[in-house]
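The structure is given below, and queries will be raised subsequently.
Note that the chains are named A, B, C, D and E in the order they appear, and that numbering of residues resets to 1 at the start of each chain.
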């Protein structure tokens, strides 16, 4: 037989009806009302972040010693602070800072943690043991102690707060990614890659890492809220942003001196943090349901 | 089982040694000089030097570490630079309140968390689920100092139901444990929910249904036990954290726990105290994890240690 | 204001109900009960309930005899002779006499600095027992402030010192109270000294001291009756406390001066015009209003009005035009950027923000750098000389004893007090001022001292090494009916005669 | 049989350590325990056996995915035993593997064309894009996947199609030896037939040598030239297909054959139903590992492990029943 | 002979937010007392969903029964309250599943899982239930039953677990046992043991068994009658031997031909081309038309009915619709049944 006939039973190709992750996400968000509404609020927040400085009713930095600590009114919807600055304007401008801290700290931690987690999980053995023990130690340290120490070492300022928060969110990312990697490493397609001769670096970058992305994204959204709160807690302990900046945590911490008689001062920044973190968490939760129903840690 | 535990504990020794060294280096990296802080702003340099020598801080760092380790092996955790009280005593005074607070916080958080989680999972996608989710997530969406301050304002000042601080009576634990537990409750709710949702889709649940078991028996008798494994891990981890005290909540409620001791000691660079406390926390954390591992085996028959 | 909890006390803690106990809540933690090692104000105050000194201030800041009955100064001004009471015993049974005083002073002197009170006895050459109840202390230099320092040192039983007891566990003083139990960080309980040397005192059975770091909690505790006497009271809460029926707020003009040092060794602050311009640009009235919520007194000297040697100066009026002019004269018509350092407390945060806003008006762009206290102290004290110094402005405060002008000037303005040797973070270096500080300290008479210090204050005011702001008025709040407890201008409280009405 | 085997396996062993921790007693699963066989060029050698008997482990050993504890792997005359990844990598082109679960063995986030191109990228880094695309298209086409599907992801295909992609991925390197680890057990009967046909066609077209692993005797019967039967890490019988199916020698082979449910309801045979369960590989029986279930077990079976020997009809068998005959 | 179980025109669909996909599309068949009936068909053709619908076990999925009836002892199970249904489940009708490893609760001891149902349905006190459970384990051939009671599923092998499942299902003496691919996850030698056990059950206790599988071998081995499903419908039904001997529907024919058979040397296998249509996207007309070697014009236009011919066999194919004009149309039987 000179010409072997190869069966090509391609009479009709059935498109299996699983669509891409993104379509699934949209569809499933339509079902998960909480996540959907959260997404709307997040979009609104992003708009505020982008356009904040142009939509404030007052100059957020302008002090007016004749109208300090005024309760909310039509003029000042969220009242004024101890220097007579308009609280609403400060909240609007501060969104950028607060979300900025949260996002950049978590991203930084995610990058570091992902690298560590991939290495730890993929190479195993002593590499894994060393990295995981270090993570254990970092875990065992009370977060804020770590942060206080970091800020003390690095000096005050937003940048260092970000580094500090990133630093202590790193081990949890490392753990999550390591866990995923361990599992993915055992999957058949990794073995298939090895059997076609792919190098370790290629396997990690091209095959393991893409599999962890959805988990990482979910974990990032869920951690941003935590990072915002950590930043606020650091501000509370006096270690946060520059005090005059309208970062929400800084506003909160300043306002505690007035809790007894200017409740709006602590209420509104608290509310802003609450809503932001809440929607981020709800969104992350929804995202997890879609992308990664089996996240554990 | 016993052998396993002993093995694990022996395995801890090198880890703790490494930890002690890291902690030592770490806290000495933090700028600040205890002698200077103790001497006060109007002290002259000579007076500060004298104090530093007196405190033994003029010795090279490594020597200080070896001295510390030598004492540690003799069971001495050192003395506070500041009040000269033995660290064991300081720790002893704070441990019980912290432990009680931790147990209380974890306790109610687990109780409510699991309940909400079960409700959310069972009524998945309907309003009880939304209610459970929002309640839970609210718990981790407020900074706990904010929650604390607002609760003091409300329950201590306005209604005078609970004290604003101090732990003379059991009432003093209520507000702090609420502030501390809120976040944990949220976490437990979420993990219970997602784990239960997942478990409820497993084959063995269908088997149980096929045998005519009622929903309650299925959820509590079959599904929850499996889900508890995850929940337990989370709770254990959180308990480990809690034992180290919460700086923020303890500050807000003037609660005499580990967190405040730690932060006070850090502020004064009271090295022996900080060092020993951090070491103890690491040990506690590791032990709690060990206990969780063992309980894990109890709930998960596949991981029985022998 | 939220004054709806007036009836709250009916359910409140035992303090309000039990008239034989007093609970005092304050911010700082008690650090040590070693009577010679207290550094923070709170340590001293708590210790005064248990350990007594030879003299004690009255509410006007005048020294009154306590364990001593009188003292004399030799003509050369170098030897002090103290006459002691002869009817006092320590609670461990040891007798209070000249030997006891010598034992105490020697312990402090021998510490060479490891005990905090060493600073008070820097100039002492020797201590001698002249008689059973007479002690002679000889100085190697005249010191016009000395009585204020030695007079306030607390005396502990010589036996206790000998045996090196743990002062955190037990006490051996002569004071109206005895240490019962100290739970570090939670509370310190002191009970009545049944054998107190003065009849009828003390009038309560038990005093509890509680560090409550969070302002809001402290206030809540007073409102609910968990505490009877609290301080500091944040100035913002005074109003709401005053509105309560069963709470009384008293305001004491303190010795606490708020200011920001200006590093005179650095460009552009080495120009007097610049420093003056900054002072003209700061509205001190607004400072009091905004930062202190009205509880403060505008500074008109480097010394607080409560200091015995205070001399008022012509204030720097709020005058932006003049400020700009001066800046232009110095060559900075467009302003410049600088940094202000300060602690991480919310009080200081507010002060620095105010300064930032005010200096912004004349084009000085101030960046605020808050640091945790240990770090801050390191940053300040690391540089060994003015050239190496990095601090530009430091927002801080200074509290000194009412009668002690040396302590209020020497560590702050003397050129020998550059960090790390003192707190002259203005790196103020003026020979004439140095000389006046010296002369004030060694003055033979009150009058001479007053004269020197007045001149010093004039120079300081004009040279403006500080951005002057205000002196605190410190509110303290207590339950109605509490008597005999009071705060001095320098921040201590005294409760020998505390009682419920 | 020709004398030039493509692959020769000699006394290969792989024990997996299963005890964890530093002080725990060491325990091993003897997944592959002294196995030898060889494959001639162009033939299909099959390995059949029940779950957990070590088939996949053997396949992974042969393909160098795990390292053997001892023994030899000789591929085209090259001794590959204990060689490192880099050496193995040079032999991955002529030796390819196809896996049981076609979905799990395809990296889910890659497009089909990238998946199939990847082996080329790895082994021929200098090859031009156009050339790669040409080869990819061609190979996919041979395997029955049209070029309109190049930009799709694995999840968009059905099981049979995915297995075709898996096959294309192996064939794109034009290998000589293909190891197939249960390539059709995850597929439906009708699709299974398609894939089996495809495999046969490809073998002819490219003159491939197959090492075919399966637990399904009817599939084995259909595709093999030679068959080895494995039980708990050992090969108990090797024979040509016809000999094996006509006259199985080892009691286990006999039981296995008789256990296959018959597709013809009229043909009711006497079955050998084995007692008991397949023993745990971590704790295998002594002597002949099959003695616990063997209907013919003798005393010697409990103590002495039988050695492999060749019978007159060419069958190699490891069983005491035949040992007696010989000696 | 009246049917113990009668399924009439059963329709089950999965509802996702944007669409409804019917996967069981009007299935009708009957099972008589004491019979072993097999259901075969390719993966995804609706076999499992049919069995789950009968047991009303779709809870926890998005599936709902849209139409039809399931008569058990002349009682329509679909009309029963959940509570009443629970009394039937595991009692007079029980089920075993494909994968014994995942179908048992991994965190509960075997004994506890067994006893739960016994205590619930037979109302035995604990001790008695325990003894009974042990005897049930013994009766399915489990050695050292006493100690197995205290073990967890992961400590047993797949075959043992499947036996536990069978013991569990048989413990309340069900009249009908539905076995959904009971041996697919098992090895051949173990499969042979389990099939033997099921035949024994029928012999000894006259248990009626509905055996779902995709393995024609299994069907021919144990079943009296076979139902062939394709794309959510019954396409052929008849005595096992007859269907194997002389398949009527081209799908059945293809299925049988495409299996490699031992001892039958073929160089190539017959392969049904193409794939099963996507249930969400069913073609018009006969669902098999696209793969059918005998396809006619009408096939792509109109779906044939399931008809019963003189020999008592049922099939759904245009090839025979003309021939058996008088044949009974099973499909159109009204839901009131006979």
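Note that in this section a residue touches a chain if its C-beta (ideal position, glycine included) is under 8 Å from a C-beta of that chain, and two chains touch if they have at least 3 such contacts.
All values derive from a computational prediction rather than experimental measurement.
Common neighbours of chain A and chain E (chains touching each): B, D. Comparing the chain pairs B-C and A-C, the larger number of C-beta pairs in contact belongs to B-C. Chain centres here are Cα means. That of chain A falls 47 Å from that of chain D. As a whole-number value, the distance joining the C-alpha centres of chain A and chain B reads 23 Å.
If each chain is reduced to the centroid of its CA atoms, chain B and chain E end up 53 Å from each other. Distance between chain centres (mean CA atoms), chain D to chain E: 32 Å.
Multi-chain contact residues of chain E (touching two or more other chains): 271, 273, 275. Those residues of chain A in touch with two or more other chains are numbered 7, 9, 14-16, 31, 148, 152, 237, 256, 259-260, 263.
Counting only residues that touch two or more partner chains, chain C has 2, 214, 216, 219, 372, 374-375. The touching residues of chain A, when paired with chain D in their complex, are 1, 4-10, 13-16, 18, 20, 187-189, 191-199, 202, 206-207, 210-211.
Across the interface of their complex, chain E is touched by residues 50-51, 158-160, 188-194, 196-197, 200, 215, 217-219, 221-223, 245, 255-266, 271, 273-274, 276-278, 280 of chain D. Contact residues on chain D toward chain A in their complex (touch as defined above): 60, 63, 65, 88-89, 92-93, 96-97, 99-101, 104-110, 118-119, 122-123, 141-146, 149, 153, 155-158, 161, 166, 169-170, 173, 194, 197-198, 201-202, 204-205.
By the touch rule above, chain A contacts chain B in their complex via residues 31-34, 133, 136-137, 139-145, 148-149, 152-153, 225-226, 229, 232-233, 236-237, 249, 252, 256, 259-260, 263, 266, 270, 273-275, 277-278, 281-282, 285, 288-289, 293-296.
Contact residues of chain B toward chain C in the complex are 30-33, 36-51, 53-55, 82-85, 89-90, 93-94, 97, 149, 152-153, 156-158, 160, 163-168, 251-254, 256, 260-261, 264, 266-269.
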